[in-house]
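Note that chain A is present in both complexes that follow, paired respectively with chain B and with chain C.
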Partner chain A sequence: MKIALEALNKHFGKVKAVDNLDLEIGDGEFVALLGPSGCGKTTTLLMLAGIYKPTSGHICFDDRVVNHLLPKERNIGMVFQSYALYPHMTTFDNIAYPLKLKRVRRREIKERVQKSADMMGIGDLLDRKPAQLSGGQQQRVALARALVKEPAILLFDEPLSNLDAKLRLRMRGEIKRLQEDLGVTAVYVTHDQVEAMTMASRIALMNYGVLQTYGTPNQLYDHPDTFFVAGFIGAPPMNFLEMTFEERENGFYLKTQALEIRISAERGALAKQNDIPQRVIMGIRPESVSIVAERDGDFKAEVHLIEPLGREDLVTFRFIDEEIRVLVPAPFDGRIGETICLKLDKEKAHLFNPETEVSVLRTGNGRSS
Partner chain B sequence: MLRSKLKPALAYLVLIVPSSLIILGFLWLLITSFSTRVEGLQSLGWTLNNWRFLWESPFGPQYPSIWTVTLNTLVMSLIMTLIVVVVSSLTGYALSRMKFPGRKGFLSLTLILHAFPSVTLLIPIYFVLLWIAKIPLIGRDVPLLGGFGYNTIGGVALVMVAFQLPFGIWIMKGFFDNISWDMERSALIDGASRFKVWWQIIMPNIKPGIAALSIFSFLTAWNAYLIPLTFTAGRAGKSAVLSLYLQNFISESVMTEWNAVAAVGLFQLVPVVLFFLFTQEALLNIYSGGKKGGV
Partner chain C sequence: MKRRTKKIGERGKPPLPVLLGTRNIGFSRMRGQLAPYAFLSPTLILVTLFFFIPLVMVFILSFTKLDMTNFGILEWWKPVNWSLDNYVKIFTNRFLSRILGNTIMYVAVTLALFNVGMALVIALITTHIKRRTGFAFRTLWFLPRITPVVVYTMMWRALAGPAPMGVINKYFLVPLGIGGGEYLLHTHPWVFVFLVNGFIGASFGMILFASAIESIPKDYTIASRVDGASTWQTIRYVELPMIKWPLLFVTTYQTLSLLTSFEQIMLLTDGGPGLYQTEVWSLTAYHRALTSYFGNTQWGYGAAWAVVLVIIGIVMAVIYLRVFKFRELVEEPKIDQL
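What follows is the complex of A and B.
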């Protein structure tokens, strides 16, 4: 089922929890609503579920406005962070509850509950109460309950937050596989960018109730539209340096006290076309900086901190009063205090207007290059 | 080794001393009720005479029998418990879940009412009940209850309900507050109506709260003295309850029959003890702060 949100607003008193949200989700798509806590992502999800009524705007399922429909009339399944199982019912009764409310015949209930419990690998736990199950098992019961009514849309509200790291990784894969196998449209709320990046076909990044950007994980990572997107997506996060933009006869330059880099004529022209101010913020990801021999370097910096990550080492360099973090192949053989030459991959540098926080490298369609 | 045994022993000692004092009192009550006279805990002759009130009216036929009085007490206690539990759980749910103007004010007001000494309200309530008694049908002539006006079981129950409700509402609100919103939302999405959510999902999960409130309300009503005394025509009336019946034995003109008082006292106590025996687990649940193993 397709979902369309049109100029959707939700206000709680004076607080704009969701502010003029437009979003389209294709049939069978897996979309993540990503953002820091309090950014309006859960409010959006609860409006999709029919728990909250929008203050204004439309929610459409397959071109039909569903604003006025009750949760039970929307054919959705939802999985909550707290699992929200019914503690007084057995696993079987928990999963069967949506079917019982639909007055499905008893024999069919039994078959369908068994089927969806087997699918989640909890077929032998049907007579236990939720309190007798582990967190992972409770999560599976919650999933089975959401799936048993064969919903057209699956909603997830941070379903993996309460699981330990190992189990989270496993459930991540299982949920994605399940969604692909069933071909059901899914909306997944999370504050964990890794979850969003790995699971979703598209990510809607929100902040303060406003949609910041909407695109595939790669688009968000490689071509962030705004300063917020650039800083939020990616771990370790992007480095930001305040620089001065200069156009000279032989090309376009970015300058600070410590370094001066030349950017390609094409990118310089694009930036100019987007009214690049004199002072800009340059963003560069830790993997786009490399250690080079002295004659190839853009600038010199002192090793300040080395954090081994296993496959790579995260090294923090200091120069004048700036810091830059760089991912280098492990093992890094430099010592703390040592001065080393660094080179920036200029084609991967991002430039943002400090006033508007918008990328000045965006092309006509709004997507930065 | 010694230390690990000393600690529980000490705990038992601390518990035994005060309990034995109470048990001693009950023991005296038991012995006295079956004796002609007692000296301390020693009986000076056994008799069933004190329990005569069970099969004959000790003060003459114009007085209600013990069984009428017991029925009155039971009806009053059950009616009050029922109303308190139903009203408190509905009100508690609304106060816990819905936002409406005056919600906070209502909550503080009920708290103030709970703290209000009921004695100060006795006279105004008396006039209210007199007025209710004049209303046809519900005022006087309801079977079993008598009605809801002055000198009726229903009227006394009504006043007791009013005094018990603030406490009940706060208790129930607390239990509802402990149930996550997600569970309710989940049930709504699963296809339940608001009423079904309340009845099938919420209510089963606040059973400990309902048990708690029922027990407290029932015991309060069963042992009530001041309110029945004020709002019925007294111990000889058709609406007398057990605590008033007991008063028959203590009078200024005749010597008080302490042995009979002990017997009636024990009789009034029996249902309470039974009640505690069967609800002990629920009571413990309340004191330890709700149920274990919830999600």
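What follows is the complex of A and C.
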């Protein structure tokens, strides 16, 4: 089922929880609503579920406005962070609950509950109460309950946040695979950008109730539209340096006290076209900086901190009063206090207007290059 | 209880024996073991003086013929003077079935219609409307409970008065052509016994149920609605099972307090207006023991009525714990293993 949100607003008193949201989700697509807590992503989800009524705007399922439909008329399944399994019911009764409410015949209920429980690998736990299940098992019961009525849309509200790291990784894969197998449209709320990146076909990044950007994980990672997107997506996060933009006879330059880099004529022209101010914020991901021999380097910096991550080491360098974090292949053989030469991959640098926080490298279609 | 105090005693040991020196260890250990009893002593003394001793005394008194006429003469504490005569008297009393019937009716009707029934209805309604409105309504409903019981009961007597003084007669019944404006406590005493007790009684359950309902995490009700439940179905299948504990508590507690409550009935009808028409068990115990009935005050006989009531109360409590499967309610969840 396709979902379209048109100029959707939800206000609680004076607080604009969701502010003029436009979003289209294709049939069978897996979309993540990503953002820090309080950004309006759960409010959006609850509007999709029919729990909250929008203040204004439209919610359409397959071109049909569903604003006025009750939750039970929307054919949705939902999975919660707390699992929300009814504690007084057994696993069987929990999964059977949506069917019981639909007055499905008893025999059919039994078959369908067994089928979805088997699909989730909890077929042998049907007579247990939620308190007798582990977190991972509870999560599977919650999924089975959401799936048993064969919903057209699956809603997830941070479903993996209460699981331990290892189990979270496994469930991540399982949910994604399940969604692909069933071909059901899924909306997944999370504050964890890794979860959003790995699972979703598209990510809607929100902040303060406003949609910041909507695109594929790679678009968001490689071509962030705004300063917020650039800072939110990616772990370890992007480095930001305040720089001065200068156009000289022989090209375009970015300058600080410590370093001066030349950017390509093409990118410089694009930036100029987008009214680049003199003071800009340059963003560069930790993997776009490399350690080089002295004559090839852009600048020198002192090793301040080394954090081994296994495959790579995350090294924090200091120069003058700036800091930059760099991913280098492990093992990093430098010592703390040592001065080392660094080089930036200029084609991967992002430039943002500090006033509007918008990328000055965006092309005509709104996507930055 | 015993084990717990011991545990506290062990934990009460000072953790610095080295600083105290070896000589002091014995003393400090003793002090550590005595400390919990010292803290418990005020309560223990009060409970012993005002609960335990009277309980034993009432139990002993119930086997004696102590009354106002032989007070100071009868040595009631001597087993020689004990007999089962009072109990025989109770169970051969020709009004026993009436008093027992009255008590059962009084407790059952007030409990079902008001103390649990109406309390639950009000709690459910006030938690499913606007929060502030619900809170205001519950506060209003709570007023009879904090009104002095005599004032409150007298107010009901005035309400029930004959036309043209009684408000109910003058403004409701007479204009509607119901009844002839008689004193309603004479024509329908039971209705008023239920109402007077019920309006106070319902507020207790209402507060407990409302707070229990409000503390149910929102996820459950959202989940239920997404699963396809109507508001009523969510209440029936999710909210009510989750407030089983306060339901058990209110039912048990209110049964016991209704069994022993008589002050409103005493002030309202004093067991009348007909012979033993609204007399309940606890009122009988009071009448026998503490009012000058047939010229004396039969402390021993009244105590026997009270003891039987205590036994009825204990039996009821045990039945409730069985019916509500108390053991299951307190079952500890298994440790979460991933």
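Definition applied: the second predicted complex is superposed on the first by the 369 of 369 C-alpha atoms of A that agree within 3 Å, B and C clash if a C-alpha of one lies under 4 Å from a C-alpha of the other, contacts with A are read in each partner's own complex, and residues count from 1 in each chain.
Quick note on the criterion: a contact is a pair of C-beta atoms (placed from the backbone, for glycine too) under 8 Å apart; a residue touches a chain by one contact, two chains touch by 3 or more.
Please read these numbers as outputs of a predicted model, since none were measured by experiment.
On the superposed chain A, the positions of chain B and chain C overlap enough to count as a clash. When the two structures are aligned on the shared chain, A:337 is found in touch with neither chain B nor chain C.
Looking at the shared chain after the overlay, A:135 reaches chain C, while chain B stays out of its contact range. Contacts of A:13 after superposition on the shared chain: neither chain B nor chain C is touched.
Touch criterion not met for A:310: it reaches neither chain B nor chain C.
The intersection of chain A residues touching chain B with those touching chain C, taken from the two complexes, comprises 46, 49-51, 70-72, 76-78, 80-82, 84, 86-88, 97-98, 101-102, 131-132, 145, 149. By the touch rule above, chain B contacts chain A in their complex via residues 180, 182-183, 185-193, 196, 201, 204-205, 291-295. Against chain B, the residues of chain A that register as touching in their complex are 46, 49-51, 70-72, 74, 76-78, 80-88, 97-98, 101-102, 129-132, 138, 145, 149, 157. Interface residues of chain C facing chain A in the complex, by the touch rule stated above, are 217, 219-220, 222-230, 233, 237-238, 241-242, 244, 333-334, 336-338. Only residues 46, 49-51, 70-72, 76-78, 80-82, 84, 86-89, 97-98, 101-102, 131-132, 134-136, 145, 149, 155, 163-164, 167 of chain A touch chain C when the two sit together in their complex.
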